[in-house]
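Scrolling down, you'll hit the structures one after another.
Okay, so chain A shows up in both of these, paired with chain B first and chain C after.
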Partner chain A sequence: MPVTNYRTEQEFFVDMQRCIGCKACEMACSECETNGHESMIHVNYIDRAVTVQTTVQVCMHCDDPVCANVCPADAITKDEFGVVHTANTARCIGCSNCVMACPFGVPKKDEAYDLMMKCNMCYDRTSAGKKPMCATVCPTQALYYGTREEIAKMRPNSTPVNNFIFGKESVSTKVNIMMPKGSTSLIID
Partner chain B sequence: MAHLPVSPEKLIEQFGPHLNYPPREGFAGRDEPDKAVKTHCCFCGMQCGIKLLVKNDKVVGFDPWEEFPFNQGRLCPKGVQRYMQNNHPDRILQPLQRKEGVGFTPVSWDEAMDKTVAEIKRIQEKYGKNAFSVLSGVSLTNEKSYLMGKFARVALKTANLDYNGRLCMVSAGAGNKKAFGLDRTSNTYADLEKAEVIIVAGANISETFPTLTHWVWRARDHGAKLIVVDPRVIPLARTADLHLPVRPGTDSALYGAILKYLADHDMLDHDFIDNHTTDFDKALAAVKDYTLEWAEEITGIEKAKIELAAQWWGKAKTSFLLHARGIEHHSKGVDNVLGCINIVLATGRIGKPYCGYGTITGQGNGQGGREHGHKCDQLPGNRDITNPEHRKYIAGVWGIDEKDMPGKGYTAYELIEAIHRGEVKGLLSICFNPLVSLPNNNYVREALEKLEFYVCIDFFMNETARHADIILAGSLQEEEEGTVTTAEGRVVRIRKAVNPPGHARSDTSIILELAKRLGAEDKFTYRNSEELFNELRVASKGGTADYYGITYQKIEDTMGVFWPCPTLDHPGTPRLWEDKKFATPDGKAHFNPVTYRDPGEITDEEYPVILTTGRVVSQYLSGTQTRRIGKLVDLYPEPKLEIHPELARKYGIKQNELVQVSTRRGTDEFPANIVETIRTDTVFLPYHWPGKKSANQFTPATLDPVSKIPEFKVCACNLKPLGVISPPSTASGAYASI
Partner chain C sequence: MDMSLNKKALFIATGVSLLLISFVFYGSRKLQNFDPALIIYLFGTVFAFFGIVYRYTVWLQRPPTWMYFKRTFQFFFTGKIFLHVISFAKEFIQNIGFQKFIYPRGRSRWIGHFLMATGCTMAFCVTFPLTFGWINFTMNPATSINPSRVHMYEAHFFGFKMFEFALGSFVAFVIFKALYWCSWLVIAGVLIFMRRRLTNAGLVATQTFEGDLLPLILLLAIAVTGLGLSYGYEYMKGIAYDYMAVTHAITVIMFLIWIPFGKFFHIIQRPAQIGAHIYKKEGIKRGMAVCPHTHQEFATQLHINDLKIVTKELGFDFTLEDGTSHLDLSPEGKRSRLAMAHLKARQQNGGNLFG
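Let's look at the complex of A and B:
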């Protein structure tokens, strides 16, 4: 096992209120050659005709990752820190099971490479004790990487939520979404 | 002869804009750089700290600089992509000479300099010194800004020098000088943190200063109420506590009505007004009839919203008011600024923790660049070129006879008019692309075509440079040492990361060589940028923008020093006015009466719709740099006409349909983007593009009588749907439009 400086007390928080749609996160993510200069985080308008609201789509790093569970090639693994890694390029067969199974619609198949690619929480950075690149550059800190104590102190009007209810399914994740104070889960139905 | 030597298509083929993308596998050496240079982003007044990664004298990537206190590693997409202006295929690598029918051909530096100096001398001998002019820019460092001013006055001896700050913060500067006697934002942005109420007036912070958004949210996390005044629901306004969708051109009516409301309801700081200000009675008299009903009629904002804003502002114990080009780009820009200052002074919330006011400077060195004398009426230290004492002091620093120092020249657009009527025959430009950034740019093009000689210093062939006779291959920000002053008034170091490529030279060395050849070598003896800065320090000493106590080492030791800093042992001044001693002659802050008047052009039957202009997050100013960076262009490939569905219905305009936009100055076609996030009487176009995609072919050259800023933010247009759905934006090629 390689020695890492992964800081287990640090978590990823997404606050859609703050997102200004600037796409600095996409720009920074796509600087990484591991991704072949494709961004693994996506910012999109909800409905530009009506609002400038944008939403951030990034791997939620599920506690029980469906993408890994449905992978016939065992290409996707979750490590001891809870990071769900992008498909192992030697194993991935490009079947797209993960793409169809993910409740958050995160994994994308890169047709050019015939591989699934997704966020691995900037493992090169986080394993060295640094923040993921998107959360480092995010100008509004809609993407925040730090401890629960820090965010509770800094943002007293919001509560991090990492439990998502899809019909009868409950999914818990390593990544948190900032919700109105006192929220416990996000029901997506 | 400044007609294009060949077709613009041919020039674009050779010199761009072309789009630069990083290789998919990344630049070689990025993971093992020779050095990571701590410097600043070049793309707005925030001057975010950033590290440039360098391998083999090439910038190959960036890294966040998390220790720099303002942005702590945070960046916007322009910042992330800024390094892509390096190693660019469009880079001008040697001096070029215009050749009729051919385009531009390389020449040696000697030939380029000989020709330039010979033409300057010919024009000045034939038509007089002032017939040769200079247009400079505030993306230049403090050192280069200072140098351009001195070069024009001492080497060229011309009065006709102005700069693109004229299109940026001159209204704010003039207003601040009237009210406070000094032109700088009064606080650091850390003072936003515990402000109870924040007014953001005409400042699209979320797109033009994205990294400032963090500080606004820090305040909101502490319970601050956010009021955004803007004709559009900008991204920051989406979640604001109150959005005031002001009709373009009516801002001073809003601030006048708020002032009256504060007085009528005694929400005033009487002690502050009585002891530390003048002319409150005059300011109040000017707004005595400005009721909420009247303001609603003029501004189009519901009176209940105006009242709520006035109540929140009036009751707050701490507050911060920020404004930018949205209120400043008007023929009443100075009035709008003064209207804002009046409500700050009336509540006495300045010069205290979490009580702030300031304009947000737009350009890279918009703050420092506007202080050190490449403006037609200004000398270093923000001194006045018409003031005998100021002239005498600077003449002493420069070692010239005061009588030989030229007087006040034309402002930027007035200079174009002087070229048009044949009074000015020659031009040197640096860091300015007037064909995209000045209003009524068809007229600007005509003026350029009348020049007898035009020399341009630039690193890319911008649209204006295509009209040049000689192009001198200059340097990017990261190719020279220097300093800039951030929008907070913090003087920081720009560090040289790489050498200029090919035969390109540093801007400073080009100007020094020209000065030498013009016979002024003994006045320009700097061996490096620090020597230039040290002269600037002396030149600014005793002025309002006093840098004397700031040294390169002090900046190094402290991550930047806030001016004024008059002595070497002075720590700098992050927050102004804590002693309530203002920089005016009487030491008091001055209220100024602001009477409402209409904008220069109002809608009528022929032109019934208001057109306003602004920026998008992925582009910087005239786009010389950012229209060459592939990923930034992909984010917003072409300007779209933002229009409310109600107005679109009235004209029968469909989503993405091409719409013919006409004003009294130009006509062209743009795809419609039908959105509810804009007023129903106003359409919006961003201005970063040239030629047929240019918003500034429409804008009027109505100037503010004091600041001479053009009225970019309001004019009258008409709209005609063309029945054709526009091709995808990605196919528009707008970045290189002609």
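Let's look at the complex of A and C:
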């Protein structure tokens, strides 16, 4: 990667209970230069039949990314800042292994491009010391990008968690999810 | 990164390289038709061949790659692959020949890539057989001794005469200048891509010099010095010939030995895309997986079952308490289950919104 101003003290904090489904993040995401102006963020209804609650999902940038491990073409890489980059366009063979294996349901396969695309934390912005597009526009701060001190001050009853249990698998990530104070992990069963 | 030597890959790459050398020896009629001026290119090509086979073999041994490779052979031996021969041929022309999938990503991007790919492929078809001594040209002796007759040139392949053509004819012009056309195609394609890489903010942020810009510079250097070789003696009395010859050889050999390690390896990987399409088509025939959360079909059951095997081989186990797998969920189902788990944690903590 070229010389960057990536600010390692800044982190991503997601709080889906705050998501109001306005999709401002989707619009902002499609402004990101590194996505080729495609929105990579996911906003979807959790269970439309029983609730209007929506959820928002960015790439969690796993410490040991399953997507990169299952990629048969070595198209997905993690950089020195822990950002897991979208598929290398020359290498990706469009098999969708990453799409189906990601425990967070993040990568998207664009059928016309025959290419997987995913959030790379607005690398054009974060590498220049700026915040990701989605976090700058979220009106409820369900998506927040800043320091741990800032989030601790703003959300005194929350704890950022970056450890997720999927059955027998424990996945740790660069991105945090805000949980009730004192939580250490989020169990998905 | 694993830097240890892969013995299996070393064995296969050595064997295949020796086979190539024997083909060069016998294909050039025991070096009779081999052009010694190209010896340095031959060394570069054999080394590149060794590297490509080594890297390819290492690549195939990765669990996800091996799964696709294994399935392809299983379809083949159960006769299923024959059902896909027509679509394979169609896709090969569309996706390898014309790189159709790049067009939706951007028209100028496709034009640039198509020009580079066509120029390089044509150049490979000309230079590899020439370097191996499989193609050679001779003067027809019957016409060469008579100054009043049109001189005829003969083209040979593996030492067998294929056809002849008159010197100075249009055919001679096209054949002798084949690499000119390749060079101009490559130069046009490289310039389109260089403009893109220097002006697209997203690419500027994520590209690397050695991974993305150097390959373009290398292709440009090969094409320009290649043209310089010919135009140098045609229009500059050969003044720059030595410089062009040495620079051309260095850049070509750098390109060749770098194929297995850098950007150009995608040329070797790309046909796997067709394999992935056949895998999907075959999977659709066998049945689709239905997400337990959204109750919608989202992938082939074959794919999901194989991914469960592959992830376990890679050290990930997404088996849930009830014996099902987290991988049984569609991407949307997974996102929803995560949000539901978050809600459950909140409910266990009194149920109120927390901030």
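Note that in this section the second predicted complex is superposed on the first by the 182 of 189 C-alpha atoms of A that agree within 3 Å, B and C clash if a C-alpha of one lies under 4 Å from a C-alpha of the other, contacts with A are read in each partner's own complex, and residues count from 1 in each chain.
One rule holds in what follows: a contact is a pair of C-beta atoms (placed from the backbone, for glycine too) under 8 Å apart; a residue touches a chain by one contact, two chains touch by 3 or more.
Owing to the predicted nature of the structure, the values given are computational and were not obtained by experimental measurement.
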item	value
Touching partner for A:N44 - first (chain B), second (chain C), both, neither	second
First (chain B), second (chain C), both or neither touched by A:V106	second
Which partner reaches more residues of chain A (counting touched residues only), chain B or chain C	C
Contacts of A:Q53 with chain B and chain C, given as first, second, both or neither	both
Touched partner set for A:G36, first chain B, second chain C, both or neither	both
First, second, both or neither for A:Q10, with chain B first and chain C second	neither
Partner chain(s) touched by A:Y123 [first = chain B, second = chain C, both, neither]	second
Contacts of A:I177 with chain B and chain C, given as first, second, both or neither	second
First, second, both or neither for A:N162, with chain B first and chain C second	neither
Touching both chain B and chain C, residues of chain A	17, 32-33, 36, 53, 154-157
Touching residues (chain side chain A, partner chain C) in the complex	1-2, 16-17, 32-36, 42, 44-47, 53, 55, 57, 66, 69-74, 85, 89-91, 93-97, 99-108, 112-115, 120, 123-124, 127-128, 154-158, 164, 166-169, 177-181, 183, 186-189
Chain A residues touching chain B - in the complex, by the definition given at the top	17-24, 26-28, 30-33, 36-37, 48-54, 133, 136-141, 154-157
Contact footprint of chain A on chain C as seen in their complex	59, 62, 64-65, 67-68, 95, 101, 104-105, 200-202, 204-209, 263, 266, 269-270, 272-273, 275-277, 279-280, 299, 303-304, 307, 310-311, 314, 316-321, 325-327, 329-343, 345-346, 349, 353-355
Chain B - residues contacting chain A, complex	22-26, 61-62, 64, 66, 71, 73-77, 79-81, 206-207, 210-211, 213-214, 217-218, 221, 223, 233-236, 238-239, 617-618, 631, 635, 645, 655, 673-677
